[in-house]
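Pasting in a structure now, in structure tokens, and then I'll have a few things to ask.
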Amino acid sequence: MINKVSPDLASAVSAVQDGSVVMIGGFGDAGSPTELIHAVVDRGVSDLTVISNNAGNGLVGLAALLNGGAVRKIICSYPRSSHSVVFEELYRAGRVELETVPQGTLAERIRAAGAGIGGFYTKTSAGTPVANGKEIRIIDGEEFVFEAPLKADVALVKAQTADRWGNLTFRLTARNFGPIMCMAAAHTIVQVRRIVPLGAIDPESVVTPGIFVDTVVQVAEPMSERTAVIQERAYP
Amino acid sequence: MINKVSPDLASAVSAVQDGSVVMIGGFGDAGSPTELIHAVVDRGVSDLTVISNNAGNGLVGLAALLNGGAVRKIICSYPRSSHSVVFEELYRAGRVELETVPQGTLAERIRAAGAGIGGFYTKTSAGTPVANGKEIRIIDGEEFVFEAPLKADVALVKAQTADRWGNLTFRLTARNFGPIMCMAAAHTIVQVRRIVPLGAIDPESVVTPGIFVDTVVQVAEPMSERTAVIQERAYP
Amino acid sequence: MTTFGPKGLSVPQMAWRAAQDIPDGSYVNLGIGMPELVADHVPTGREIVFHSENGVLGAGPIAGPDEEDEELINAGKKMVTLVPGAALFHHADSFAMIRGGHIDVCVLGAFQVGTNGDLANWSTGGSDAIPAIGGAMDLVAGVKRVVVLTKHVTKTGERKLVETCTYPLTGQSVVSRIYSDLAVIDVTDGGFVAVEILEGLSIEDLASLTGGPLRPAPGIVSLAPPNL
Amino acid sequence: MTTFGPKGLSVPQMAWRAAQDIPDGSYVNLGIGMPELVADHVPTGREIVFHSENGVLGAGPIAGPDEEDEELINAGKKMVTLVPGAALFHHADSFAMIRGGHIDVCVLGAFQVGTNGDLANWSTGGSDAIPAIGGAMDLVAGVKRVVVLTKHVTKTGERKLVETCTYPLTGQSVVSRIYSDLAVIDVTDGGFVAVEILEGLSIEDLASLTGGPLRPAPGIVSLAPPNL
């Protein structure tokens, strides 16, 4: 019998270890798996490499993980925001390493890892400093840049609904990196608002099939990172 | 105002010209855009290159197009079946060229064309005759084969529901190559059972967003290729 | 505010002007900031589908107080709405639209545009700057027509239309047209060509505020936005 | 039918034997033909999710007369059903599952298996043959564990387990285990190792029907399927 439902957050994130490469879903505060991240904060792990579109806001979620010193390196597309204070301090103090990747290249590298692609050529970043040191190939007269797949030990993702097989639906733009990160990690952990019986999700509407998911945990009412930032709440 | 709905099949397929590269959706008889193919037969075009998983069955659909002499070359993964008699005759007579591609490589090459990827590396076919003459690269100690994107002038696809913007849903395993072929063709033509008002398809459940679709035409009750083959019906 | 150069178009007027050129039926991506305003000025009767790279086609206006949903945001992280016909998808599919050449037009901001169409809009190259790229490099590499919406010069009077970009590039030879507060300028093989110019501004004055060679189009006309 | 060699397992018995080794919770792809029968013999209490490369996870049994739907087929183009928990997806996503290493086990037929685990199952290399590949090359390249279900020798007595494949390869060093009508054989760095052998058949007899070196596993046991 397949039952990917974990009883609580602490058990759910037990796959995260010192030195893990961790993908974290979300774009801005939509889709941020805040409660899963906090459970990782509680584990007290260190030396993480985080792959995420942004670099956290305020003092909760990814920012809390950074603030606790758990992160050695972050690979992201857009680390700057009006509330990315923790990241900026750590970065300027040389306490966190940053690799900036164009957003589409980030997404495609993640998908490539999930799809068994050994690398691909993209026009994105050709002729820019981002392409420095990368292999360039001329295809049909245009410059393309070689990009390698980007995989992870663990992915932390927020979705809307799951069944015990790990089939997922998402909600609005909280979908963003979730489905591809589920594909690209050796162990994918998903927090969902609702867990429904097997068969309750229309097979036509499953966004992420359960094969890409290892652990599901219910967080019925996830916190609003936006509100937490405005209220200057911190975790822990 | 955007209205991609075409009044009839003949107008719908007017983008197919002599020498066009034409993707045709379907796996077996599920998802075969039979009525669109017949409209192309009626146009009397020639010298087509067809990209499709199979090579047609009986004397309808793709087999009818082949039988009419419209196809110069077919790129597919599995041209053999118990009813692929037309293709087999033409192939043995040297009257149609065949390029056989592993099914996953076919799908990934089509997606690559749709996603602006200049080429990619896959483990599939490494060490087999299919890799002969292709670039091999060792990635993490394993042999990978370079594959180029596969694009088309026109795609013929069968879906279930469309709105006037071309948003699509599919039905069961008739989905197969449809969504990726929609992405990879300069002009995508889709036959659907139902046309619904804009907004009637749940944004969460749109499988192919309208941006990938150029023309939609209603075929409320598409023929069953399976039945046509059993009954030995021919087109025209 | 414009201490250097003549008083040009207001920001809404600039956005209005850019919006006039977007054909009916276009799929359009708007950069964060000033370009977002273009959506407010689509001419009546045109149906334009707005793409937001975080996974929306058919993004509608900014959400009203009763419509706000933190899980429905645009690329600028503002809460938005969906129009009928909208579709939602994941990031790889979203960037497949961008990189695969499916988006017709994108409107971006700029630090610098070179006479050859080079665009610099992600980093001023300062050693202390935190490099943030976002989707800009993908947009310029993949979208069919890339246009720029920008003040003609910076607040401190530096030229943004330049002979050669000195800031790190976003993309090479990608910009087709520039909508500034002073002019509409095409980027051609022969350099900057003004096709519309602010009423009362001479081509010489415009040229003096432009860092690369600039010439008037044969049929140059006045840039005449409504009051906005 | 087996005019050469001893009377071995029936096809359902072979499928039964392969099914016993599939762990609870596995994602499994079954090749077209004989391997499809493996689904009928999943031990009670195990939940196994069957993948069909034409876009299904959670493919159920062959459709009964009242359930038939021409748009719900498996990779062998037979009309099937869906089980609760099934998901549908397009071909690129389906092969991302295969090629990305997400499928645990696939069971394939074979023309030849080499002592090094090479598999040939798509073409006998005849000049008149129509080359048809399907998903086999993707499966062997991507699935975590590739096993083969095959008669030990062909109808004309040719060995299918060979020193070196002479037919065009499907993949190099990909096969982990072979379920034949005579034995269960692991493909190891040291060649073929019989772990189970048909009751009454000697290892020497089995070796004589095997094209490459074969040795018994230290704990070799009898192959004892139920009557099927």
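Residue numbering begins at 1 within each chain, and the chains themselves are lettered A, B, C and D in the order written.
Keep this in mind: a contact is a pair of C-beta atoms (placed from the backbone, for glycine too) under 8 Å apart; a residue touches a chain by one contact, two chains touch by 3 or more.
Every value quoted in this text rests on a predicted model; they were computed, and no experiment measured them.
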{"item": "Greatest separation from chain C - chain, by CA centre", "value": "D"}
{"item": "Intercentroid distance (Cα basis), chain D paired with chain B, Å", "value": "30"}
{"item": "Centre-to-centre distance between chain D and chain A (centres being mean Cα positions), rounded to whole Å", "value": "37"}
{"item": "Distance from chain D to chain C - Cα centre to Cα centre, in angstrom", "value": "57"}
{"item": "Junction residues of chain B - those touching two or more other chains", "value": "108, 111, 115-117, 122-123, 170-172, 204, 207"}
{"item": "Per-residue overlap in chain C, given as positions that touch at least 2 other chains", "value": "88-89, 92, 95, 98-99, 141-142"}
{"item": "Pairwise chain contacts, counting only pairs that touch as defined", "value": "A-B, A-C, A-D, B-C, B-D"}
{"item": "Contact footprint of chain A on chain D as seen in their complex", "value": "24-25, 27, 45, 47, 49, 51, 57-58, 82, 84-89, 92, 95-103, 141-142"}
{"item": "List of chain A residues in touch with chain C within their complex", "value": "27-31, 53, 77-81, 88, 91-92, 98, 100-108, 110-111, 122-130, 143, 170-180, 207, 224, 226"}
{"item": "Contact set on chain B toward chain C in their complex", "value": "1-2, 111, 113-117, 163-165, 167, 183, 197-199, 203-204, 206, 209-212"}
{"item": "Contacting residues of chain C [partner chain A, same complex]", "value": "52-56, 69-73, 77, 88-92, 94-95, 98-99, 128, 130-138, 141-142, 168-172"}
{"item": "Contact set on chain B toward chain A in their complex", "value": "108, 112, 115-123, 137, 139-140, 142, 144, 169-172, 204-205, 207"}
